[in-house]
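First the structure, which I've put down as structure tokens, then a few questions once you've had a look.
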């Protein structure tokens, strides 16, 4: 569980790049843009830094690294509240392609993502896997291919994506089918959702008789059941890493503030109760970090899907609780300025609430874990 | 739900009177501000709510607790409780006049000169002059007595004020501000302060709204650059400012809490509505939290009744001491519960009145545990005054 | 909600009496006795103090007071961990008689309890009412009266009681029947349970063809359904008051300890983190006290059963959580001596755990409250 | 469950070796002490567990981390981890010799004289001499350096010790004690201390067991009344006692934690068993808590792996700094969960091994958050060393 030199390089480079392009001012500027991110920063991430290919196999144009490296990046992205379609492209779309798509689709699409030419996305479900999201979209065979009807409640960055991956139920089939389509396909309507957390943009998608050709369906049926579970587990892990970064930044902001803010003739951070509460944040963060790092290491081995799913759920449970707790404490320990627009804790607080149900709430994940333990 | 309070017949007559009046007057245009206003929603239609204050005044329903001699209604504690309960139950708008009525008015009645009373009490009572409060300063925070705003007396007897106040709610909707400022140069802490009354609309005062996390601007910074208070507009003597300011905070306690609880009950019922609407009524974890919130609501209500019953007793009672910490944390939790009950819907800025209301509750209640004495200050007070634990030792000079 | 002068007298007298006869040393001596209490103290409570008749109507030989006065006594009993069959006699047995029994049984039995001649008891269920306890005991009509078979898991002070009240299900009847019997009746076997909390003694009762005469059944069928609910609600309230006293004593012991214990050259109680945690205990205790006092006032009115049941459940939920929290904090803030036998926090800690399921856990009570709120 | 650690072939061979040895030896009589002993259960059959220590020694499985030159096995960190894991997985009894092996031994290897090493290391290694630790004092508590026990040197060079130590576990089962005592009269805090080794069975030492809440007597008070240490039995120079004592605490960290986790996993599985047996598997609240406990268990395991991976790094790492607080609070919560899973059965003193074990866990784990640095001390350390927040200011002289 020791970070390798390469991993430290990746993390440090991300930290330095994001400290630069995703400062508080930059985040606020990105939030104000219609697309919710700065296209130039996103272009640099895709081309100059090659982050989108980090976890894609070398044979498909990527760097061939995996979850342990990706979580280091994502922690920094969370810490700096990076506004960019990185999570949607890499953690949702590329992840789904790698775990569920057939070889030809992988060979066609993953190199485009790896080298930054393709921005892609998929649904962000409110349950621990994509099953509920697939339930609201129905695919029917037609003479020329498929017809999709229904809706997807939340798709991140759909407004700027070049490719949309959707799971849809097929009558009589146990597993949903995976389709790749252009978001501008006729019959597909995207409605932007004005969210309190403006650092990540979502659309609701309505499908009305969307006609697709046969080859739009890209899942490899033999791997689909297991692959969907693995992809959902990995998505949870990646979101956990991002949440961890948010929590860390809440602590860092707080420690910096209380160390300098004077009250009653001494720094607020010298009061024992304040110190203990900062320490409590650190305990939760470091234990959650151990969970994230450990689950990521497990993801890099040939671990069975059940073990992987449980560890990823663990990482997500710990980071979700920690993220909200730290955001709440950051506001409280900042005192009066904590709930103002001008200071940053509110940004992390909104993200914490928004993220609290991505891929299921902590309660729902705990229910799944207990089921696995007791059944 | 049945209430554990014996009611006298005249109290019940009084209850019927206020219920009937509200029924007859809180309608028509005023429907738009029912259940609106109050902390977290102060920006709701201030023009209409000012009109409502005057409506109330015409009915004789402002300043109900003031002595009759001062123009009040001279209600007993029990009847004031009934008034606040029924007002809140009917969804009476958050009171634009509450700082004048419950804070400044009683202070003037206690410490003001006859001229001050004559000048200011009628405007408060009539709902024609509105007040805001200038205590907190940016570098003081919880250390309230660390006042840096200065004041001095000119040759003509008038006072000048220089400095800055912060977290002033309703400053942009008010006409007057009362301010604690340092009148003895070089004095420290609670010594050497003066309590001054200033009109807000004057060249020496500027107001900058503070944008909150959810976008509202309920609080303000108020800058004083040689702002003027008339010679006669100092309450108490120069140097007595702290005494007046703290006495005034005492008035804040207790009386309106039962109204606050009715308001909380209303919010709690909105959360239940949202839970039913969102189809999450079978979530065992949410059910536990809903039940816990309800228990807290009942405990607060009974706690407030204890506070009122014990008002005659000297000193700060234990149940009064815990109240701020309890309600603010309860309310903050209710806000979080509301979001979790809504689920993903909670994240979308909504036009639906129920959802929007709960979103406001969620965001604004983050301030509840900070303003009017942070959690941390409350815990210090409880430990020191309630449990007699030692005060924080002063650090040795470095 | 103002305490009357009478109420203050009752509380102060109880405080002074119990401070004397139920000191830490006295409690430890009582715990070591086979019956679990000091018979002389119990005799004084019954005769000299007349506590058993406090809430029994004057017409039946009692003082005609009610829940508001009883909770004040019980808080002191909890605070001093009074070892005596007071709760079983008054809060379970007399309570059941008052709410459920017919007039003739009331007229026969309540005066005996009121003037201290009769020690009585009933089951302490592990669910919010007696329904589950009644389910495990079956009553069948016989030629000469009734036959009881089954068991009752926990009866407090059964070893010394002169009267046992039991609820048993009757085939075909919606409501259980209430029986009064002598604990030495043939076929009834009592097994003493060695409990960690030795301040309250329990027996398990096994009924094997226990034959009772017809008049042993004493419920007034018309009042039984509502009466059982009210009796269970009041039992919850009384236990809440006792738990409140336990919590208060945990705080008092802790404050006294940290105010004198020196560490790092100053009293432990001057450290802000310690102060804040004591304050947190006080907040929970005072709010729970408001809940108990308020519910007791409601019990003294003609409140409907549902409102009463909800308020009593509220009082119990708040005091249960507070009691365990304060016992846990008392141990922690006493440091090393906190987990020793010699210091008192452990006694309150064991009581807190034992009491955590009397008349249902806090979780179970919350589930009932939410059902009432949402149905 | 799959493990996230790349394993070298020789490590796997080593794992097979220890597994096979335990399989062959931890049986017969020793069945009775499987999964027994350790904190909270130290009173479990000490005679048999001493014999087991000698059995281990004969197999070469004591002091596996000591250098070969000092008679140890010289295992790599990775192999020590495997040893501790497999030992715990097999239910190896709590190690009676752990204070000698993991605390005193490494200190002697680092700071002892050749004579001290020759005298003491073999007895530790062979499982024939057992040690206990004399640090805490009744008036010091968390303020470890506030040592009042005095020592002085006699004309013959021997040392005498006067004073009292407390919370000494296993004192009544040990042969020797190491003690920190004040050798410079009038010195304060960490200055002027000596680190001495004394045989426990001598007229100048008496031991009084401390009865714990559940009735056990695992801890002791040790009274020194002119107790004697030989001239050669001081480690380091007089005045260096604090350095030795603190260095020795460093040895305590990390290495055995993976064994501890296997032990925790075993306890967690007992809680699941109890839940199944009690029929409470459908209780949604208990399920949430079980899942949360499992998450904590995994986090601790990965945290321990992080600590071990980072051992080479200088200084106290963040993941090491949080570990004591995390595991002790986790363990305390597990004890409470065990009781709630058992329900009313939990309150009856039980002969059932599963229930009794969980009851012991519940009661003893209350001490976990107190001994070896209370929660409060841990939070101070984390805030100051981990976050760089200011130290508590010294109070001004009153």
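Residue numbering begins at 1 within each chain, and the chains themselves are lettered A, B, C and D in the order written.
The rule is short, and it goes like this: contacts are C-beta pairs under 8 Å (C-beta built on N, C-alpha and C of every residue); 3 or more make two chains touch, one makes a residue touch a chain.
Just so you know, these numbers come straight off a predicted model, no measurement behind them.
Colleague: Could you compare the number of C-beta pairs in contact for C-D with that for B-C and name the larger?
Modeller: Most contacts of the two pairs: B-C.
Colleague: Which pair in A-D, A-B or B-C has the same interface as C-D, with over half of the contact pairs matching by residue number?
Modeller: Selected pair, repeating C-D: A-B.
Colleague: Between chain A and chain D, what's the gap in Å when you average each chain's C-alpha atoms?
Modeller: Roughly 41 Å separates the two chain centres.
Colleague: In chain D, what residues contact two or more other chains?
Modeller: 284-285, 288, 376, 379, 392-395
Colleague: Residues of chain C that touch two or more other chains: which are they?
Modeller: 266, 270-276, 363
Colleague: Looking at the complex, which residues from chain C come into contact with chain A?
Modeller: Going by the criterion above, the answer is residues 271-273, 275-276.
Colleague: For chain C, which residues are in contact with chain B within the complex?
Modeller: Counting only chain C, the residues touching chain B are 1-2, 251, 255, 258-259, 266-267, 269-270, 272, 274-276, 278-280, 282-283, 286-291, 293-295, 297-298, 300-304, 307, 310-311, 314, 317-318, 363, 365-371, 373-374.
Colleague: Would you mind writing out the residues of chain B in touch with chain A in their complex?
Modeller: On the chain B side, the touching residues are 136, 139-143, 146, 166-167, 210-215, 283, 285, 339-340, 343-344, 346-349, 359, 362-363, 366-367, 369-371, 374-376, 379, 392, 395.
Colleague: Enumerate the contact residues on chain D facing chain A in the complex.
Modeller: Result: residues 1-5, 272, 275-276, 281, 284, 287-288, 290-292, 294-296, 298-303, 305-306, 308-310, 318-319, 321-322, 325-326, 376, 378-380, 382-384, 386-393 of chain D touch chain A.
Colleague: Going by the contact rule set out above, which residues of chain A touch chain B in the complex?
Modeller: The contact residues of chain A facing chain B are 126, 153-154, 193-197, 261-266, 270-271, 273-274, 328, 331-332, 335-336, 338-342, 346, 349-350, 353-354, 356-357, 361, 363.
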